[in-house]
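Letters A, B and C name the chains as they come in the text, with residue numbers starting at 1 for each one.
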Amino acid sequence: MSVALARPSFSERHAATLRQLRFYVWSFGRSPSSMLGLAIVSVFLLLAAFGPWIVPYPLDGAGAMNLGNRLKPPSAAHWFGTDEMGNDLFSRVVLATRTSLWVGLTIVGVATLVGVPLGIAAGYFGGVVRTVIMRVTDVFLSVPGIVLALAIVAALGPGILNGIVALSIVWWPGYVRLVEAKALALRNEPFVEAARSVGAGHARILALHILPNCTSPIIVKASMDMGLAILAAASLGFIGLGAKPPAPEWGAMISVARTYMPNWWWYAVFPGFAIYLTVLGFNLFGDGLRDILDPKSSRG
Amino acid sequence: MLRFVLQRVALTGLMLFGLVCITFAVSNVAPSDPAALAAGPDATRDMVETIRREYGLDRPLPEQFVRYVTGLLQGDLGRSIVTTRPVVQDLARYFPATLELVLLSMTFGVLIGVPAGMLSAVLKNRAPDHATRFIAVSLVALPAFWFGILLQLLFSVHLEWLPTSGRLDVATPPPPPVTGMLLLDSALAGQWGTLGGALSHAVLPALVLSFPCLASILRVNRAEMIEVLSSDYIVAARAHGVSRLRIICVHALRNAMLPTLAIIGLRWGWMLGSTVLVETVFDWPGIGLYAVSSAIAGDFKPVMGVTLLIGLNFMIANLVVDLLYGVLDPRLRTAQ
Amino acid sequence: MTPLLDIRGYRLAFDGFEGRAEVLDGIDLAVQPGETVGIVGETGCGKSVLARSIARLVEMPPGRVLGGSIAFEGQDVFAMDGRALARLRGHGVAMIFQDPMTYLNPVFSIGSQMVDVIRAHDRAEGRSMRARPAARTRAAELLAAVRLPEPDRLLDRYPHELSGGMRQRVLIAMALSGEPRMLVADEPTTALDVTIQAQVLRLIAELVATRGLTLLLISHDLGVIGALCRRVVVMYAGTVVEDADAGLLFDRPRHPYTRGLLAAVPDLARPDHRVAGIPGHIPNLLAPPGGCRFHPRCPLAIPRCAAEKPGLRDVDGRRVACHRAEEAA
């Protein structure tokens, strides 16, 4: 005779986790601004993924020539109007989401990959390691990112790749600061001391105790920084040191459009609005995440 | 106290040296040849070589570094290829304009940010609070260069209320230079017409420049205010019959001052950096525009000069804020 | 005689993620002028929220009054306008709190905080506000009245420069500044050292006696209550379970919870005596037990206790809320 042992169901086994998740969803959904952020970010990601298949004039992304159609105001055929080459601005603005997405991902990715390990090392090991890492970080933080990036791009030469390199170089110190403070606080937590007292090695403590407890602020910062990195790259494009036309990039488009102001206003208005919405979306989303993941630090 | 000050000054010096190392490193990773650039496009190979020797660019890097640092110590930041003047002279010429802009922006940021943050906190989770918070996030997200263009379109082109760009109309007589800041100089000279003209030019760029700072001040004040309002001592003050208005204006405002000050210190250097964009849009002849036009010309001595100047500003601002903190916070005052 | 404080059927809840927590479930309590009343109960029984409700200091939302009323000197507290409320706070009811550090603003000197409060009272009572120097003199008098040495110098110091006992005296001085009729003390000595506790308690007792104050003392410590109060109210999970003269209550408790509470006090005279705890936990107020909220932990519980909420009844010279109060003695 077999006894059917009641195996706990999935929801029973993970009751605490599920409850936590439900709480996150509940508090996130309660905030209209967080939901707006989520919606904007979703639309942005969808456009970046499927842009080339949805836009009415996919070829205009690379910069086609259609001089008969140049600088037409917004109409049914061209929702955002056309630019000085006769390209459809709506298509170009949508296609530029892809550029922005990978620009943002690269900069934030490099910054976390460099900054987080350095921050953990500084906070956890302390002493000379910490002093050296933090002093170098402070030096980098003493110059606004956009200026240092400008200097680096000036040295490397203009172009979107150099822009990304420059922004990645200036972006990591923020993560060192963030993670160092957290790791420093965690180092003396009873559960870390307990792990150490039973003989756990540094690697084990770092991987099991320190890093997982740093992830919330890192996720929050990364989602905010996605927007800010996109904005910074667009700024370089605007100055004329980032992406070069006719590559579809919002900042560069506004840079060209500026010479066509004020009569051809739509040329500058729509790409700028796209930047604004994207950055806004990531900021609202990050704000919402912070409220639920890291409520104590929701200031500043 | 004196020890604390000396320590901080020494640390600032060390950081400045670190920054010098960075600018030197950046200058030397350049794939472009500074000697060829300095010689101009029509130079022969011999002329380039002469310049290379003259500037010491053929020497080993450590020697070049020592040269660079000794030059800096004597106030030598190199020479701008575009303006052909020494970079130091250019900076002295353009910095007052930027300083004026940043000071005006800070004023906007504090005057709007502090009351808006307080209001938001008092009306927490009601409609005005949601609106204010949304605007605050928006201000961070607005691309300064784009929003500047929109404001020009509205106020200068459409409504014709304000001038588009520059610091002063050609027709307006500039005030005798004292500080280099037109607003201050014209007020000192009593030239009120000029002051009005200068102000009408400065309002839009200063407003655009102030947005991120304004948003920060607003958010910090809101957060601090909410924390203060829910603190035990406010409960006690209420229990003792102190009025709500007085609690907000005296207790909470005083507590929110310190973090506001910290934001101003942090944002000082940051705003100097943002002038790179705002000055470009409004054609404001400050160090931001100087850096951008030099960078586009591939002339990076001026860019490095601007970088060092802004870094120096940031460090000094932090130093000042730290010292002010010591004066303003009674807890720290006795601790020292 | 109309009671000074009259709380009737007061029900208060807090709304949160997990739903509505009914922290006060129908409180009935009347205090006559000159009485000294102690409220005792475990942490979380609602005694502090009740104290704050009297001066309308509970934030709404998240708080929410579900019913009942609180009247002070015959006036409904929740119907008061700003002016009446300002008079109530400090002049009618003055409060002192648990942790004197957090109840003083760290960035203002003692003097400026006291001057602020004194001038606020002037305004609330419709007098012309006295000038700062005059208010300062008054502040120094008050500090002297609570036995603080060198009051003039003390006025220029900041909260962090004072010891816990001194800070609590400053707060008591502030509470006295409005010449209140009733003093509500919420765990006034819990955060202090034992030796300082005795001094502060003696000070409160003396002030109550000399100024004819009505005292409402909230504490989880029966010793503190016994030292200062002639009447004791026992609260459990947001309800009043027993309300009696101190002597009667300590001698012959009627409610099973009161008996458990008294049995849990260690007796220093009889070190071999085993201290008895009350089995079980305080209930989850999001889903409180039906009927009598104490019944799951009660040794005398009968089926009726789970079905029907006992009201306060007069039994054996006191008020008690228990179906089996007659048998429990």
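The criterion applied here is as follows: contacts are C-beta pairs under 8 Å (C-beta built on N, C-alpha and C of every residue); 3 or more make two chains touch, one makes a residue touch a chain.
All figures in this text were calculated on a predicted structure; none of them were measured in a lab.
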| item | value |
| --- | --- |
| Intersection of contact partners for chain A and chain B | C |
| Chain pair with the greatest number of C-beta contact pairs | A-B |
| Chain A-chain B separation of Cα centroids, rounded to whole Å | 24 |
| Cα-centroid distance, chain B relative to chain C, in whole angstrom | 53 |
| In the complex, chain A residues that touch chain B | 32-33, 135-136, 138-140, 142-148, 150-158, 227-228, 231, 234-235, 238-241, 251, 254, 258, 261-262, 265, 268-269, 271-272, 275-276, 279-280, 283-284, 287, 298-300 |
| Chain C residues within the chain A interface of the complex | 17 |
| Complex interface listing, chain B residues touching chain C | 230-243, 246, 250-251, 254-255, 258, 329-331, 334 |
| Chain B contact footprint on chain C (complex, rising order) | 52, 55, 57, 59, 82, 86-91, 93-95, 97, 99, 102-109, 113, 116-117, 120-121, 123-124, 158, 160-161, 171, 174-175, 177-178 |
| Of all residues in chain A, those that touch chain C in their complex | 23, 26-27 |
